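Okay, got some structures for you below.
In what follows, chain A forms one complex with chain B and a second complex with chain C.
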Partner chain A sequence: MARLELKALAKSFKGNAVLSDISLSTAQGEIVVIFGPSGTGKTVLLRLIAGVDDLDRGAILVDGRDVTDVAPDRRDIGMAFQNFALFPHMSAFDNIASPLTARRMNGQAMRDGVMGVARMLKIDHVLDHAPRELSNGQKQRTALARALAGSPKILLLDDPLRNVDAKLRYEMRLELPPLLKQSGATVLYVTQDYKEAMALADRIAVLIDGRFVQVASSEEIYLNPASVRVARLFGDPTINLIEVVPRESAVGVAVSIGNKVLELGAGHRAAVGRPALLGVRPEAMRIGAPNGGIAARVIAVTPLNERAVTLLKTQDGQEILASQPAQDRTAEPDSDVGIHFDEKDILLFDQSNGARIGAGAGA
Partner chain B sequence: MTAAVLTLDSVDKIYRPRRKRPVHAVKALSFAIAQGEIVALLGSSGCGKTSTLRMIAGFEDVTQGAIALGGRIIQELPPARRGVAMAFEGYSLYPPLTVRDNIAFALKSEKLGKAEESKRVQDMAALLEIGDILDRYPSSMSGGQQQRASLGRALVRKADLYLLDEPMGQLEPQLRAVLRGRLKHYLRERGMTAVLVTHDQTEANALADRIAVMEDGVLQQIATPRDLKERPANLFVGSFIGEPPMNVFPAHVQRGNGRIGFAIDGSEDLAFNYAESEIAAPVRSALAAHATITVGIRPHAIRLGQARLTGKVLSNQWLGDQTHVAAQVAGRTIVAVAHSRVDARIGAALPFDVAAGDLHLFDAQSGRAIAHGGSLA
Partner chain C sequence: MEHVSTTERVVRGILIGLVLIFFLFPIFWIFLMSFQTNETILRIPPSLFFEPTISNYKALITGRLETTAGDLDIAFMRNLGNSVLLSTGAVLLSLLLGVPAAYAFARFRFRLGENIAFTLLSFRFAPPLLVLLPLSLYFKQLGLTDTYVGLIWVYQLICLPLILWIVRGYFEDISPDIEHAYRISGNSWLRTFFRIAIPLARPGIAAAALLAFIFAWNNFIFALILASASKQPVTVGALAFVTASGIQYGQIAAAIVLSVTPTLLLALYAQRYLVEGLSLGAVKG
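On to the complex of A and B.
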């Protein structure tokens, strides 16, 4: 267990900045998920921390010790990759034992170390198998066991569930957090799947264009995103965004959507007169009687697992998605309905730069 | 429902590669699709869904059996004479034509005026959000863009049947939900009959009236999305459909004192025990023949906070619009899903219940469904 600190890391390749001003300070044993679209530098970041690649600028500290110039194998950092990267000529046992034998550990202590993690990951029955004899799920657990076997203070996991089937991914999503907590390691976990990020993280560091744009708990990021790009990365379906220009009203700030004038409350005064995007998540949209809501027509209902996703169109042609528990579904295609939502569920963003404006922004 | 438009009658497909063992890709496949129906062929790779689509399209010979469209036997006809519009791999866009001309070309036979033709192309481009690539050539586009352009070319045509391969496959999440809704509306409004192939159950669920689940060349079940979830024909369908997957446990059937119980792994700590009156008489009789059984429980059917059993919370994950909770009971992990937040700390005791009406019971050997909830399968 250790504290990891990243201080203003920067890295460029051939003059192109890949990572800029990356700073992060973890708690001991914390799971921080590095999340972002593909090609934003997530893997590069892990390679810098592991010491596989060199930094241009900045410093990496483990428990206050500067390891920036320390060799990779002396940083107390373990790593597992999405393509497993097991040694093909070695059994699962020998793969898992490799970080221990590298430290000249042998005999009973080594065997106990391997068996301990193997039991925890439920692969103790396949330890004599070669990698080619293992299922993808077993390979993935073997790679994880190898990373854990060395009891690293810091564990780096690069999208470890990417190449396993959906069923195993669900299982691992639920099983991994307790396993990682049990290992005591401080974990940086890379993924492109927002559900995985929310499920596993103590905190999520959202990486966009080589910068951390928000580092916070799942809840904070989902409910209080720093920008429209962050908001759009979380949720299925993704957040509704409606172009509005907030104006002053008798009681505060108002916008018009279709036939309806919505009062946003005085907290949104900063948004007056600026073209904005009004964001409301689909699950915060309620479909009700036409009276009192934003008048809309039901275009189609597309079930999503146990939820019903409804595509609606307002009188001025704005498309809006609503997501409800399937058993609460009320609207039939081609019927006329009203869309309702609460003021507390509104997020306002500046149309010009996507930044949050008004109440709650930057909290 | 109106008369069947497309019928497959005992269709087999056997590939005979040279110097290799023959592959029986599709086995005695029969189903019928009504006018205006949207049917999805769903399964993992190698299940036979794509071979089926290609036989309907005319890109593969039918080894045995018959395919009829609008009352005509079509399997001997060349693809172009089947009255079928298609969007899929191996039926690519014309490389020398722009996307606009590719789509317009599909309208040629209708002999529309210039203005009308151009309007239909524009409408289709707006529907699929490809307005900005109308003047580009296929070779300069990404796979996802080609896929949408090809979908547009198929949808704009007049045809008796539309065959669509993974129509929304490579779409970014921000567009996917809206385009699914628009596509469903477009097909429905025009009464178009469509067969789509996908490996993604969320896509099948979103678009289809009925889903045909295939595995190993065999049709496992064809039913509405709701019936697949609530009344799966066998354990394969039961555990394949639904996210997260159904909880599946082997159980001993216990009887006595006017009660029926299902003890998971024979354990009293994980026994679902009901008054006989909670289980319908025909189900009780069917159970008489079974000492062991496979029990399936949908994560959404687990009622948290109601004490019949108690587990220990392993994880509690809020995902914005739903919460996934895993609990440990008698050495087993059970997964529950709620639409709202769940107040349960890791390691805490978690009371839960499953109503008799929410149990799925399968034959322990064959996997065939015995009962769903209160009624026989």
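On to the complex of A and C.
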């Protein structure tokens, strides 16, 4: 068990800043998911922590000890690579045993260590196979077992489920959290899949353009995203964003969408007069009778995973997605309906920089 | 399996047969020659049928060459020993220097790195004769003329670039992540080099070493200029068969058979290391 601290890490390749000002402090045994779009520096960050690449500025501390200049073999870290990086000339057993043999462990203790993790990951029957004889799922588990075998203080997992099929990914998403908790290691887990991030994380650190834009619990990030980009990354279908210019009204702040004037409450006063994006998650949309709500026409209805996603168009041409449990579905294509949502479900973002404005901002 | 029609198979067999005959017939003919006397070799028309004799091999091994103009001493076995010693020594030294260098060029970017690598390759561009004249002067000064050390050193001009450039490519093909994973497992840099990089590049190292050995073995000009009779390899030693009483075709053929044998054995032995695809399946492509 260990605490990992990253202090203002920065890394650039050939003058291009890849990571800048990365700071993070984890609790012991915490699972932090590094989440972000591709090419944003997630893997680079793990490689810096592992010591495979050198950082330009900043410091990495494990349990208060500065390991910034410590060689990768002395950092007490386990890492599973996205491409597995198994040793092709060794059996699965020897692959998994490598962190143990590196510590001069041998004989029964080593065998027990390997068998322990192998059983946990259900690969104990293929231990004598060479990596090329393993299926992708088995390779992935072998790589994971190798990372776990040395009981490292810090476990770095670089998108380990990326290269496995959907069924296995689903299984592993369920199996991994207890497994990781059991290992006791502090885990940094990289993924591009927001569902995976939300399923595994104690906290999610959202990495965009080489910076952490938000570090918070899954729920917090979903309900209270710090910016438009964060809001867009989480959720399927993605959040509805409607261009509005909030103005002062008798009771607070109001915006017009289509035929309707919506009162946002006084909390959003900071947004008055600035072009803004009004965000509402498709799940928060309700489709009802035409009168009362925002008048819209149903364009199409798509069933999606027990839910029905409805595409609607307001009178001024704004397209809106609504996602409802399939059995609640009422709207038929080409019918006129009204869209309703609650004020609490509204997220306001600045149109120019995407930052959150008004109530809840900066939370 | 793909479907192949009978005619296609027959045509393919005939074509492969023709190619094999084209390449293997000279070797086969030399093999036959090595068991004949000069008279049977030179008779017209040539015949596949003759009374085999081992006199050529006997002459080579005992070092007594009996010609019509009298007996002649030949140092063929010594030449063969020199060839083995020089080629083996040169390849071992090249491996010792070239494999770590190849790794460095493959893994690290350093100042002038590419220039140094290219300079080493350019050793192969220069005509040996151009290099030899100044080299023989240097060697006289340094006292390296007619020494094994000097010859092995000169042979580096042949072996080192070959090994460096072939092995470098193999190292570059190994995913660095495999080495990183081994280091993170708790192994030092040196251990990673010996346990991961070298075994994974073994097919390349074997191929390069074999090729370097063949080039070194077949070299003629370096030893001709820089070594005297006692240090000369078979390539130079074969000149002794051109005698006052004529060219000893039978002995030449036997000498060729004997001098091809070590290389052939080495190639057969190295073949199992040449099998590629060891690293397939280790990393997801």
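The rule is short, and it goes like this: the second predicted complex is superposed on the first by the 363 of 363 C-alpha atoms of A that agree within 3 Å, B and C clash if a C-alpha of one lies under 4 Å from a C-alpha of the other, contacts with A are read in each partner's own complex, and residues count from 1 in each chain.
Operating definition for what follows: a contact is a pair of C-beta atoms (placed from the backbone, for glycine too) under 8 Å apart; a residue touches a chain by one contact, two chains touch by 3 or more.
Being a predicted model, the structure only gives us computed values, none of them experimental.
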Once the structures are superposed on A, label A:P88 by its partner contacts, choosing first (chain B), second (chain C), both or neither. second
Considering only the touch criterion stated at the top, classify A:A50 as touching first (chain B), second (chain C), both, or neither. second
First, second, both or neither for A:E219, with chain B first and chain C second: first
Touched partner set for A:A199, first chain B, second chain C, both or neither: first
Looking at A:N163, would you say it contacts chain B, chain C, both, or neither? Reply first, second, both or neither. second
I'd like to know which partner A:N259 touches here: chain B for first, chain C for second, both or neither. neither
With touch defined as at the start, can you tell me which chain A residues reach chain C in the complex? 47, 50-52, 71-75, 77-79, 81-89, 98-99, 102-103, 130-134, 136, 139, 146, 150, 163
Show me the residue ranges of chain C that touch chain A in the complex, using the header's touch definition. 175, 177-178, 180-189, 191, 196, 199-200, 278-284
So, in the complex, the side of chain A touching chain B is made of residues 166-167, 170-171, 173-175, 177-178, 195, 198-200, 218-219, 222, 232, 234-238, 281-283, 299-307, 309-311, 319, 321, 323, 325, 333
Across the complex, what residues on chain B touch chain A? 173-174, 176-178, 180-182, 184-185, 188, 202, 205-207, 225, 239, 242-245, 300, 314-315, 317-322, 324, 326, 333, 335, 337, 339, 346
